[in-house]
Amino acid sequence: MSAGDLYIPLGATAALAAATALAASIGYLRTRNLRFDSMARAATETLLAFLAAAIVSGCFVIHSVSGKWWTWDARLTAALVCWLLFATCLMLRAAVDDPSRRAAFAAVWSIFAWLDVPLVVATAAWWKPGTALPIEWTGPRLGLLAAMAGGLLIRARMRQAASSHPERAG
Amino acid sequence: MMGFFRQAGVIAAKDLRAELRTKEAINSSLAFALVILLMFSFAFDPLADTTREIAGGLLWIVFAFAGTLVLNRSFARELPNDCLDGLIAAPLSGAALFLGKACASFLLVLGVQLVSLPVFGVFYNVPWTRQFPELLLVLVLGTWGLTVVGTISSALTVNIRLRELMLPMLTYPILFPALLGAMQLTAVLMAGNPIGPGETGWLKMMVGFDVIYTAVSLALVETVLVS
Amino acid sequence: MSAVAVDGVWKFFGDYPALRDIRLEAAPGTCLALIGRNGAGKTTLLRILAGFSRPGRGQVRIFGGQPHDAETRRQVGFLGHGISVYDELSALENLTLYGRLYGLADPPGAAREWLERTGLARVANGLVREFSRGMRQRLAVARAFLHQPRVLLLDEPFTALDDKAIAVLQRLLGEALAAGRTVIMSTHQLREALELATQVALLVRGQLAFHGARTAEMAADPATVYARYGEG
């Protein structure tokens, strides 16, 4: 198993976590239930972790092929920008004190970030057409494993947040 | 409906009048733009051909950074005397407030850009007048995108810690597609070529970006202002 | 229909309940004095009534409408701790701006009229930046009354007013109440407020400890309310 095998499962899990974050954000704005905010934050953190791992594995792939650690390949560039998009959501959370304001702001910004993802992917592809990453899909096994790990991570983070803030649990 | 645009107009007029009276934001923005242009000329030989190729990109970096100074003021100017309270208490929809402020900021940022452009042309010996109508189109599209995202960020960050730091951090990643498009098109135009069929895709993408982010900002600004 | 109806309102800041199960009603024409120590929740309650923040639980109705509806806001005037006027604009420009935002028929005319009524006609074209403290406060009062709101929400309005401004505010409040408008004001300055008040509500640590008619005894010695229902 090489780094290249990891890229797609990690990226796919990141995408699933991102979808969870979006659903939770919309859920919060609709219901104002802080539990959705907890889910959105856990999903965003998970998505950042998996996306970072995917980018790093991409770097290893490039290194094994060309000796360089980075290339402005369309996919890697898009992944990096998306990582920044969601990292700023977390930074925004850290800057707001009141929990309900924090939840509302983070939800709004997550939606903004999400809308940008397709635009980022498309423009990165136009900018540098022709991918340099030799990545193959090696079947669903690793993907499912990664997705399960991601789900468990989200649940664990939510439980951790609930235990330190009991009023959010209900 | 007309009430909505009239109210947005009242807000835009107010912001413009206040800014033109003090000129704080536009002066600092213009000074900042000129300083960055100068610093870039230390980093890159301004008259080399290679520099002319990246001139389009350089210009939008200058615009993005200098624009932030104006955009930060957008909601920050409502902080003294609790003026924001007065606006929220009034029968003024968040969307009208947002649109008015965005329009005012747009005009101010565009003004700074139009003053910086000839200076840029002189420092870097770039023929910016050759394709001027199309350059103006790219300026308008790119600046509207910058303004809309910057104004909603301004509303978001007005009352939080590290406001001046958070606004650029939030705005720039979102702007990646629009800035990239603006840089590509400007590079083409600065080389003296019109926008060809291969480049209209970038134009359409910039229009799409502007439409999407204007719509979602108008929809969500109320949530940001009252929470 | 009551002018202001607060039904089971709670407000949380994180874990801390700033307001706990507030229930009160104010009929049209009432002048309600909202009293309590610092941190009791007076400002929090007023800001919810004005539509600045949402209650965590419960409901607020102003003439049957939600505080944040445009139609409701048109009928509410708010005077908070800040004066909410722009330093870099003139007094006339500020009031004309608000006149336009509130949809008045003749914004500049209304602006001039209220500058007259608050004794600022001579400095109409002066920039607020150059006004004295008392002048700024009077301009804030003009701004709150400009659109003839049916409900006035005032947060510690007598604090930091000079004598001239206090006189202006008392006169305007008296006229508003005589015209059947509703006033809710939070205050530390019990004497001035209790003179005008018809009802009194005491907040103690976020809860309503007393709500009833203002008695002659209270007006004579405001401290009795605290002594009887508060923490002394």
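Letters A, B and C mark the chains in the order given here, with residues in each chain numbered from 1 onward.
Following the convention adopted for this analysis, a residue touches a chain if its C-beta (ideal position, glycine included) is under 8 Å from a C-beta of that chain, and two chains touch if they have at least 3 such contacts.
Computed from a prediction, not measured in an experiment: that's the story for all the values here.
*Asks:* Contact counts by the stated rule: is the higher one at A-B or A-C?
*Replies:* A-B
*Asks:* With chain centres set to the mean of the C-alpha atoms, which chain is at the far end from chain B?
*Replies:* In terms of C-alpha centroids, the chain at the greatest distance from chain B is C.
*Asks:* What's the distance between the Cα centroids of chain B and chain C, rounded to whole Å?
*Replies:* Centre-to-centre distance between chain B and chain C: 39 Å.
*Asks:* So, what's the distance in Å between the C-alpha centres of chain B and chain A?
*Replies:* The separation of the two C-alpha centroids amounts to 28 Å.
*Asks:* Centroid of chain A to centroid of chain C, CA atoms only: how many Å?
*Replies:* Roughly 47 Å separates the two chain centres.
*Asks:* If I count partner chains per residue in chain A, which residues reach a count of at least 2?
*Replies:* Counting only residues that touch two or more other chains, chain A contributes 97, 100.
*Asks:* Note the residues in chain B that touch 2 or more other chains, in rising order.
*Replies:* Only 227 qualify.
*Asks:* Going by the contact rule at the top, pick out the chain B residues touching chain C in the complex.
*Replies:* Contact set of chain B toward chain C: 3, 6-7, 10, 14, 17-18, 21-22, 80-83, 85-93, 226-227.
*Asks:* Going by the contact rule at the top, pick out the chain B residues touching chain A in the complex.
*Replies:* Per the stated touch rule, the residues are 149, 152, 156-157, 160-162, 166, 169-170, 173-174, 176-177, 180-181, 184, 201-202, 205, 208-209, 212-213, 216, 220, 223-224, 227.
*Asks:* For the complex, which residues does chain A have touching chain C?
*Replies:* Chain A reaches chain C through residues 97-100, 165, 167.
*Asks:* Quick check on the complex: what are the chain C residues that touch chain B?
*Replies:* The touching residues are 50-54, 68, 70-71, 73-74, 76, 78, 80-89, 93, 97-98, 100-103, 143.
*Asks:* Residue numbers of chain A touching chain B in their complex, please.
*Replies:* 29, 81, 84-85, 88, 91-92, 95-97, 100-101, 104-105, 108-109, 111-113, 115-116, 119-120, 122-123, 126-127
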